[in-house]
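Can you read through this structure? Questions will come right after.
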């Protein structure tokens, strides 16, 4: 029944659009793959974006100007994403573009939005998406893929003190490039993976790959894939084999969807995924105040019960709108050049998901310290716990 | 290596079962339906839905899945075959079954979601059984039983004999008063049930996933073409060969070249023996 | 023909003039982009139409050839700094070569086998694009350069594509109306009869398949430079299905039908949001409806309606052979 | 004078011998009848002359040229044209276009020349159109040139198929049951057409069940039964042959 949520969201956004009455609203284009494969992140981010827009508009808008959100569902298709980017730039004439969600789509739309001179808040993790020279108005809010991988590598090497690493990527675009980056970064740290392979994301059984990793002497397995099915099968294969080996890798390892796919709940232990400081409960079991506050405010919207998806997506969506708010306030309007200036001199902008800093040379706003390793099986109410120091 | 062998055989069994379903439909209609793999997909998805979401016991869930598969098979005949076979254009059935397959796949994607979902444990067995695990042996066993049952069906039952007669000469069968339309509908129902059974048995291997259908349509077809169109022994051999080739190639050269390797096998067999390993050479029709 | 072809000709010219002036009357750049996208798809579909619509060979994997053209252009013009014009020609040439390599083994196969072979080809291309990451950029993809002035602006790029699409359309129309087109239709509708009059069935199928490879390669290059960035996510199997559906819905054995089909099916989901939600399901439903209700395609439907409207010939004249005229006709064409 | 010759041809399907060492020749300017009960191998022989079935033993020749291994297309190129038991037309094409298909082998231009509409292509097309139109008018189909073939009645379809065969500029025309389904008056007109072909020097092989028609029009008749030739001769000889009467004509 997943498709109802984006539909409701779309209707909601239409309603927002029609009730916006301010004379000169600030138009934000929102490219979101609300349906199609890999829609779960986009749907959650959309919750955050919608909520932020509502909050700001209820409080009177930004400097008296209401926000008008123009949402397009790209379905994860880069061709559609390009069409909609063109439409946002030339038909809807938006002041900002947020998205798209998937890296593949972003790679195609970012140059177009840049050419149109429109400020673009990037929420894809692939490194190539930002470039102060080619895309001077593209600012990234999310962490980079490199930040995830570096954290995971550090955790494996320094915290777990393991150095015989097996890398498993999937054959999708994201998986291949991440696995490659992971191997490069490891080699830079002086460690050569003992085993490295790419697996079809729909492959039914990973026992063989794990057996080979084991034979190669691996003492930690690092999967780089966003495919929850594949990761669940990896965990299952490890458990069924009875192999005691740590798994460290992509955030999807701790996706709540994995729980249902596991043969036994305990197969999820000894697995660590890159997560966020903002979404990690401290030793006292408490979330950071900003996160807690947003969770409480949004809970009624999300059905009132426990949150059953990763809350960081929501927080990221929520923050993107606030970055826009910050930029407009600081620039004193929506002039694109002024916005660029405002954002590239932004330092330590407080957000829920992270605190952002951009400079004229660096368009990656997410701080390295924002990433932290989480226990994969610690999911509760949308957030996580950090592993105890060994 | 034993592990590779058994995983290869298990996935090969699923390909072989799909090839058997192709054969059953082909016998009465001379049509290769694009929906064949999707029948197995429906068995997996509905099986998971009945057990996990509706909380049924696996046995009634199995029979309900078979019913869903049989219905889908029958629907294939009613919607995509019956009206089209009446016309002489031989391309139409390919188009109609392709359209139906797309509708089924995308419909399931909208309803069930595009993420793979878990398939329940069918027999009480600990997960640490290793290579003795049911997820390997259920599809292998099911496919062997399925092939044997089909053979008995063709040899011993009236309907089975009628299928054979119709596959040899549909016109002669009709001339002798066989209701070929009804027979074809029945064969499609049976093929649907067989496909669903295979999908159900292999559910723990594939998970309940909407995209399994197209993969099986292609790989089941490769198994069929390698083994020889119309031959059930060929379907088993072709399926096993393809499954093993897939497993060993993934083991030796990695997972990036799965399709390339499978299609390579198909091309080699078609070049050396166009009718497949166990197929019969057909006389050219004028 | 000569008398009746004047009207469609005038119509074509009018449409062409309207399209060529689009940048001056279009509401915005988005419409120009959409028109350019339609032109790119049509360049591929025009060639594929000869294979599917005329020759009756059901290829559902042309997206593989499109990807080859797109990547060839991106690599040659982008990474190796070839002139975009030479890279464009090379993309078309490579598409043709790959069409030859795919067609040689597969075009001898019966219908379903052929369809599966083309589908497998598309999957293999997708697989190789990811596996050969050093060449193709793997999952990250490649950025693609545009064309030099005056084709750099969106309007210029659109006009370039319109020009190429017009030439391709003219070529396809020529093939269709001359003996080649008839022979292809014969291969589709009655291969036995085609052979009986000496049509070299396999060679012709191969020739048009190679031609379709060339147009797919050209379309890939133009599409890639229009997108300005390509990733493997762009060239999904469903796109191959889309091209195929454009032809079947527009009508087999027609040029205008698939052209209209391509334009409508590209623009419709952009304009009607509920259709976009259904995505590929919509194409499936449309395909099924057309195959069951008007298997000759919607284009044929219009043709039949027009024929109905025309005054019926009253009672067929009697079939009365004229021995003298027949003998004269036979003697006249006697071989030397 | 070069004749189309089947020289002791044998065809087996699996264990079944469909034709056993059958010999037959069709002379230019001759109408040669081929009769026999159902399953006697008439159509098989015709298919072998056209190249649809390979010859297991024996040979097919025109004059000295051995065609036994030649493809269907090659045989069309040396002037063997045929019609089918059930007319095989292109339903969506016009009558004129169907007939023009017969002239395919005179097309000398390649794919590129056609795509670029070179003057030569257009000249060829014009010449072919005129020729096909003349043949159709001679056959009495001049009124239906622009009609789509699927709208033709049965007799018109049969005549159009003969027209297509004639546009191929054949030396030999093989007709597979051309009178099937025609009315008496139509058969008479078919007779006019066949005689005209003969008068123009074309050799006609006529496979037919309508014995009155065959005996009335043929110069020579060959009778097959169970894949063997049982009688060969003038219509008069064949008609009164006791064996032919026993197995086929009846008393």
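For reference, chains read A, B, C and D in written order, and residue numbers begin at 1 within each chain.
Quick note on the criterion: a residue touches a chain if its C-beta (ideal position, glycine included) is under 8 Å from a C-beta of that chain, and two chains touch if they have at least 3 such contacts.
None of the values given here were measured: they were computed from a predicted structure.
K.L.:
Given the touch definition stated above, what is the smallest step count connecting subunit C to subunit D?
P.N.:
Minimal hop count between subunit C and subunit D: 1.
K.L.:
Work out per-chain C-alpha centres and flag the one nearest the whole-protein C-alpha centre.
P.N.:
C
K.L.:
So how far apart, in whole Å, are subunit A and subunit B when each is placed at the average of its C-alpha atoms?
P.N.:
Distance between chain centres, rounded to whole Å: 39 Å.
K.L.:
Indicate the whole-number Å distance between the mean C-alpha point of subunit B and the mean C-alpha point of subunit C.
P.N.:
33
K.L.:
Calculate how many whole Å lie between the centre of subunit B and the centre of subunit D, each centre taken as the average of the chain's C-alpha atoms.
P.N.:
45
K.L.:
On subunit A, where are the residues touching two or more other chains?
P.N.:
In subunit A, the residues touching two or more other chains are 3, 36, 171, 198.
K.L.:
Going by the contact rule already set, what residues in subunit B reach two or more other chains?
P.N.:
110, 256, 258, 286
K.L.:
Multi-chain contacts in subunit D: which residues touch at least two other chains?
P.N.:
In subunit D, the residues touching two or more other chains are 52.
K.L.:
What residues of subunit D sit close enough to touch subunit C in their complex?
P.N.:
Residues 50, 52, 72-73, 76-77, 79, 81-82, 84, 88-93, 97, 100-105, 107, 109, 111, 114-117, 121-122, 124-125, 128, 131, 134-135, 137-141, 143-144, 153, 155-156, 159, 164-169, 186, 189, 192-193, 195-197, 199-200, 202.
K.L.:
Which residues of subunit C touch subunit D in their complex?
P.N.:
170-172, 174-175, 177-180, 182-183, 185-186, 189-190, 192-200, 207-208, 211, 253, 296, 300, 313, 316-323, 325-335
K.L.:
Using the touch definition from the top, list the residues of subunit B that touch subunit C in their complex.
P.N.:
On the subunit B side, the touching residues are 32, 79-80, 83-84, 87, 89-92, 94-96, 98-103, 106-107, 109-110, 214, 218, 221-222, 225, 256-260, 262-263, 266-267, 270-271, 286.
K.L.:
Under the stated contact criterion, what part of subunit A meets subunit B in this complex?
P.N.:
1-3, 36-40, 171, 197-200, 202-205, 207-208, 211-212, 228-229, 232, 236, 239-242, 257, 260-264
K.L.:
Given the complex with subunit A, which residues does subunit C contribute to the contact?
P.N.:
27-30, 33-34, 37, 127, 130-131, 133, 138-141, 143, 227-234, 236, 239, 269-270, 273, 276-277, 279
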